[in-house]
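Shared between the two complexes below is chain A, which has chain B as its partner in the first and chain C in the second.
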Partner chain A sequence: MRDKAKEVKLWIKIVCLLCLISTSIGCMGARETDQLAFVLAIGFDKADNNQQEVTITIANTLAFSSTGGSGGQDAPSYETVSVKAPSAWETGSLFNSFNSRELAYMHTKLFVIGEETAKDGIEKYLTAISRFREARGNSSLYICKGKAKDFLMNNKPVLETSPAKQIELIENTSKIIGYFPVTTVNDILKTLKNLHSSPIAGLVGIHKTGEDEQVEKLLRETTDPLQEPYYAGVVPRTGGNKAEFIGTAVFNDDKMVGILSGSETRTMLLLQGDLTSSMYNIRDPKYDNFNIAVNLRQARKPEIRINREADGVKIEETVFLEGEFIAIESGEDYEGVEAKRQLEQTFSREVEKQARELIAKTKEENYGDIFQYDRYYRKELRTWEEWKNLNWKEIYDEAEINVICKTNIRRPGLLRQTLPILRTEKK
Partner chain B sequence: MNWWKELKQTLTYKPNSDREGFVLKETPKERAMLKKDRQVETDQPEDSNAAKEEAAKPQPKNRSRLKRPERVTGREGSKQKQTKTEEKKKEPSSAKEDRNFGQKHENTTTDLRKPLKIYQAQEDQDPDQVSPYLEVNQKRIEEIYDIPNNKDFIIREFTIAVVPPVKAFAIFMEGMSDKASINTYVLQPLMLFSNFQPTVDGYLIDHIERRVLIGNQVNVHHKFEQIVAGVNFGSTAVFVEGCDQALLVETKGWEHRGIFYPVNEQVIRGPQEAFNETLRTNTGLIRKQIRSAKLTTEMVKVGETTHRDVAIMYLRDVVNPKLLKEVKRRIESLQVDGIVDSGILEQYLEERPWNIAPQVMATERPDRVAFHILRGKIAILLDGSPYALVVPTTMFDQLHTMDDYFLRPLYGTFLRLIRTVAFYISFLTPGIYLSIVLFHKEMVPTELLLAIAGAREKVPFPSLVEVIIMEVSFELIREAGLRVPGAVGNTIGIVGALILGQAAVEANIVSPILIIVVAVTGLSSFAVPYYSLQFSLRIIRFAYIFLGAALGFVGIIFGLFVQMHMLSSLKSFGVPYLAPMSPTTDSTGDVVLRKPVFSWEKRPDYLNTQQEQFQPNIARGWVKESSKRKRKS
Partner chain C sequence: MIREGKFGFAEGVSLLLISNLATIYLVEPSVAVELGKNMAWLMALFTMVVMLLEYWIIISLMKRHQDTTIIEASEQLLGPYLGILCNLLFALYFIVEEAILIRRYGEALLTAALPTTPISVIMVTLTLAAIISCYYGLETIARVSRISITFIFGGIFILFMAVISYVDVTNLYPLWSVNPLKIIAEGQYKLIILSEGLLAAVIFHSFGNWHNFRSVGLLAISVSGIIRTTLIILLILALGVELASEKVLPFFNLSRLVSFGRFFQRAESVFLLTWAMVGFLKLSITLYASTVILARTFRLQDYRPLLWAVSLLCFSISIIPPDVETIGTLNLNYFTVWGLIPTIVLPFLLLVVSLVRKRERKQKHTSEAGNQ
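Then we have the complex of A and B:
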């Protein structure tokens, strides 16, 4: 009988546990997919009267259902709305005055901050995003040339059904071309809180048809094919999605101070060691009206040596590029060993020149260290106190920075040797 | 606890004699009466008055009376109180007696006794012994088999053509005996050819056995118990006037299925034969694979009424003697009326009937049984069942097929890895789908989540209900497909799947993504080779569905934790169910991956076999010494 009583007790315990489990239902954390509105992108802007304007892009899941029926594929796949409120976080509550579903930020791919807002400081946004459980620290954060609202409202991806995929894919092109850096919330926060160097963020913008004269000016100024002076909003083009991803926003602490153009961004990435690959165009050393295109990738991480000398800090950086020919317009035989060596050297000098110019620009415009050289300086110090009190910007501004580029064009592409055309008319 | 009492009342059985006609459980009064009844039977001579009184009372028509043990040969009263164990002990000794019977017989016949009258003989005769009087024997046989009513048993009376002629009769069972052999090997020699020899040498019964009957198995018995057992199994018993023994001639022959393809355990490569319902054929099929004198087949009779043979097969120089002892102990201890199939035998043998995992492996493939016997396991075959039981078994055995072994190691490993994936998919997928959709939406790529959400958009049910609808209908298709008779059976699966899948999606009852989830789960569960294991996974799947829906991944992990403990605490005939993984024992690389055949050097460590070595370290004699790979040691 005792055994039986024990058994009954055991069963009672089991039933109680099951009841507990079934009533707790995961602390009421379960949400059906049709209870939620998935926010794909958020934009933060400053509005008048100390107000904040928040723009969000919500996925319309109905457009993704494969079964037809009424209003299936015809519906737009996303919707962009914006709300004004005294604080950015209050807008979230206001959204539900006209939006039937609970906002879910777990798939937010993109945070955009307007230029004006960024100039006032972005720390409050960064910390809020990092603290919030649903938002992901590894989503991208970009600075918009102009207003974030305009960017999100006008961003209409042509090839993709949703901005989420557009952002995923366009970030991949950054690895191929390197005209804008992919910056996540975590990256920026890390630089901001850990390092003395200046945080950077990718620059996005809406193509403006009205600013033609600026584009014209840039076009006129550009003579060197290695230069790519464009930034988001002023790319000389016609048609396509209005959103542009090119250039870099530079911060001092959490305030935006300036922008870098496409080619400057590429050089910056190269010096940081984050450039995966890029297409370089240089003028043919022998023919002025012909170009040579090479596809180069960073062969290995750059070697950075920091020497503390009596007359200041000396930074020596060596970057390595390797790659292949894409085009030799002139038809000159650059595949030969000697010709290729000469070309490589010419090219290296050009890259070094660009690097020098960029470093000079950061010093002139008071951007500070955007290459994160202080990571290498850190091992010269012993304590966190020393690090905290370090005036890195001053050191950087006075430092002598020397960049050496080593290029190795390994492969000629599918044409192994350029031969002259068998012309009928003799020279 | 009033409600508790009421609940209990609704659940407990109350006899309703108007409807049922009999009472399921004896009342205390009846029990007392029965006890008295039995006492009276034993003390009958002293207390005959009481017995008469009892007899005068109306007989209780209850179940206990019906269930009273009835021995085949027992006449009421004489030996009824003998317990089962005593009988067990007696059997070998009686066999010995039987063997020495001839000798004894010679001794006893030195002083001849006066022949008795039939009625006298009948009175004195021990009902279990064959009487020298033919008439007594015939009466006894008729009594045992209830002959005029029982049409299956046929008594053929005849005269043996010796000088002088001797009366005799034969009894055999219609249906299990071969008529042609009875005619040619029993009746013909006895009635026609028995007068080839002019004189009878020695005793008549020996003469008949040695000179007349030409059947290949002829035994002499003097106990009805053995004779009846033989006749029940298709032999023909011949009783001869004046002999207190009977001849049992083997004339078995019944309709049976031939050896057919394995239906439920098909392989592409390998033997294509399966067991059938005849025990001897089955043991023969195994012996065909292992032609060794070391292979022992022991026979145990199981079932008080059915008397079915259970064969225990093992390699006696390999098998662990303790394991063998345990298997025999379990089978011999069974006190059941009858076992119809090895599926029932399996349930009698396994130690944890409520654990969800099967602890005995059944197979219809002789090659598989032979393979396991070679590794030191024991096969149990029940007569009349086309499945052999292999003990002990581990979960990994149940996840293997013979294809894995018959194909080259890389192919076999590939098959096993596929099956490993299928194993997990078959019980986890719906649960994981639910926990992702309900709790962990950040886990899937955005596009996939939007696709899932889009598909769910028009479905009016919560996702848990949706999953349960689909899972239950899938189980319905599965069950119905199995039960639908013959020709329709194949189509019902396809029709059911099409209708359910297509129409349910079009009616917005379930989402198309879920159809994929359920279909993949169903497919995977079919990829698990052992049917009982499939079943356990199918049931567990529902537990994971609820856990996933209630607690998300935390619930799934809880479930896995509990399931793992359940499995690792399980033992099959003393062998841990998850061996050789947990506890980790030495293995020959034949668990998840499959090493090449020449590296199976040891038998499974967890079996503790007498011979550890399966084959020498270098099994391929032709490999040159110089080309051998150096062993790390």
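Then we have the complex of A and C:
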């Protein structure tokens, strides 16, 4: 009898163990990495006849996994394909008509929206991305000058094997040069849904050799070294990857209405308080044919004061820059205290002029507030209803905005003074 | 005689705290932001105060009935028929809460992590886990809660620290923008339901004495209130009112923001473990409460034979709503409103009856003493 009970217990244990083993092999949604095609970047474009064109860049895991021999290492590290369909979301199914692996979006680093599509409105894409479990709100979103398909097809990173790493690293350069804003899906959604100001997105494009005339025109018009009038697609250069990241796309609500150049973007980031650092070049105040280069960073967040007065709203913003000399072409001794102070003041006035011009442009072109001043204006309000029904665009357009720049060139680099070359001194 | 065992102060606090924290992982913080806008943090603080008052009612009731649990106390105060009816209402409350939670946690796990797993499989797993935990008893659940609370606190603390870089303080303005009375009138009542008061009164003997019972509950509700308020503040600051109001699982959404440099990203699966822990424990505690109430009401020697029947009932109820929206509406528009009857109204009535009875007894004693 006892042996029988023991036997029953043993069988119960075996059955329990078998159940445990059979249920521990993974959840029902488990997918092996060799079953998946990891989408690194997605581009959305408007096509003819009310069609949508979606382009995706897929990582070729074969290229990374091979340790030598035939195949693997010679294979391209990614593949870019595009599909047209009446709906952008339908294209996802069509991709699998020629792709053996299931598309996985958990590693998607970049969303690119074509210029024409952006002009029609981007909210439907943003909400779909934020609703979809696999897509991530902190993925980057850029607007392409031209078609997103052209950008993804022609983007051939030279120094990186993966476009995902290329994006991550190029976004780091934004912190060094400040010519384009790093914008994520969440950033744009936050401005779009929470604020009355105008959303912005980084601008990307493909360098077009056929547009040399436009480049030449910009080159001819640009005489001030502080100005960087270029935007994605028209940077005067030869060689390298065709993909360019420079400039900003500006939106009214969710519709793209204009673009900002590299230096305008830098000024916008400075006024927003998001400029990490940038190399500024100004004309030498004493010598017209020489330039001075300084590397400046935003010393601290801007001070923004908003006054509601009888004749309208007055916004006063003070920005703080500090840094070091990179080059003084003229050899003038600007390292001295008094000369440096004068140079700092000249530089500050130039930055203030750029800020004034940009603010005027946003008002003339009907861009609205791209600096998010409404974040500070809401402190002046008392009720949520007042905030919800605020006509901020009108207030912004009529507001008197005054920008004050305070620059401190703290260090001269590795030279404490510049002495003239001997021959020049003898003369 | 049902043997529930005894546990210490830390186990008691962990048990009630985990039970009270369960809803922060679901849609409730989003609902709070939707109702209170940028003043939802004040609403969360107010909720905490109301919950403490609710617990105070239970404390005052149990002070007068320290030899019994609320089940026996209600029969003593209301008589056998009304008392049983009152206890059945308590049991029904926990059964419905269990059913709603099984479905909500099932849907949350499915939405966040297991999209292709059938909902029934997830719900069966959750129910089985609750049955097994209850089978081992309250003492075991309390000790597991004590061990888990370290990881749960760790997860919450790391998340709060990690999202600080996304904070925009201007999202809190305009300050005092919403009329607090309007918020209370329109929706505060949806968030003040406190099942832990009733739960603590059902397992009263396990706390050892009334003083422990009082301190454990007050501490658990206060800590939970502070965590809930902090979460709501961070939601407003990191996402903004409008974006935070849209989210189905705001805690999960916050955890998706976490990234340290290029390598430490996509950490939500780590945080998922902590909220799965809370979910499993909450379901176990609730199932335990519903079966024990029924066992005590019907004077059964053991609650375990009821586990299968009650869990089957909970599972069957939970599978009825056709979609997430329906279960959400049922929860917010009906359960949180009608649930106030067994959690606030009935305990308060019992307290009033207890006070009246005491006065009557006193008067009787005085008149008897006068006659003598």
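In this text, the second predicted complex is superposed on the first by the 399 of 427 C-alpha atoms of A that agree within 3 Å, B and C clash if a C-alpha of one lies under 4 Å from a C-alpha of the other, contacts with A are read in each partner's own complex, and residues count from 1 in each chain.
The definition used in the following text is that a contact is a pair of C-beta atoms (placed from the backbone, for glycine too) under 8 Å apart; a residue touches a chain by one contact, two chains touch by 3 or more.
Because the structure is predicted, anything quoted here is derived from the model rather than measured.
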Touching partner for A:Ile282 - first (chain B), second (chain C), both, neither: neither
Partner chain(s) touched by A:Leu189 [first = chain B, second = chain C, both, neither]: second
Which superposed partner A:Ala339 touches (first chain B, second chain C, both, neither): neither
A:Leu381 touches, of chain B and chain C: first, second, both or neither? second
Touching partner for A:Met153 - first (chain B), second (chain C), both, neither: neither
Contacts of A:Ala104 with chain B and chain C, given as first, second, both or neither: first
First, second, both or neither for A:Ala327, with chain B first and chain C second: neither
Touching partner for A:Ala75 - first (chain B), second (chain C), both, neither: neither
Partner chain(s) touched by A:Leu62 [first = chain B, second = chain C, both, neither]: first
Set of chain A residues, in rising order, touched by both chain B and chain C: 29, 106, 136, 168
Chain A contact footprint on chain B (complex, rising order): 437-439, 441-442, 446-447, 449-459, 462-463, 505-506, 508, 512, 546-547, 549-552, 554-555
List of chain C residues in touch with chain A within their complex: 37-38, 111-112, 114-118, 121, 168, 170-171, 173-178, 239-243, 246, 253, 256-257, 259, 262, 265-266
Footprint of chain C on chain A - complex, ascending: 27-29, 106, 130, 133, 136-138, 168, 186, 189-190, 193-195, 375-376, 378-384, 386-387
Touch list for chain A against partner chain B, complex: 21-22, 24-26, 29-34, 36, 38, 40, 59, 61-67, 69, 104, 106-107, 109, 134, 136, 162, 164-165, 168
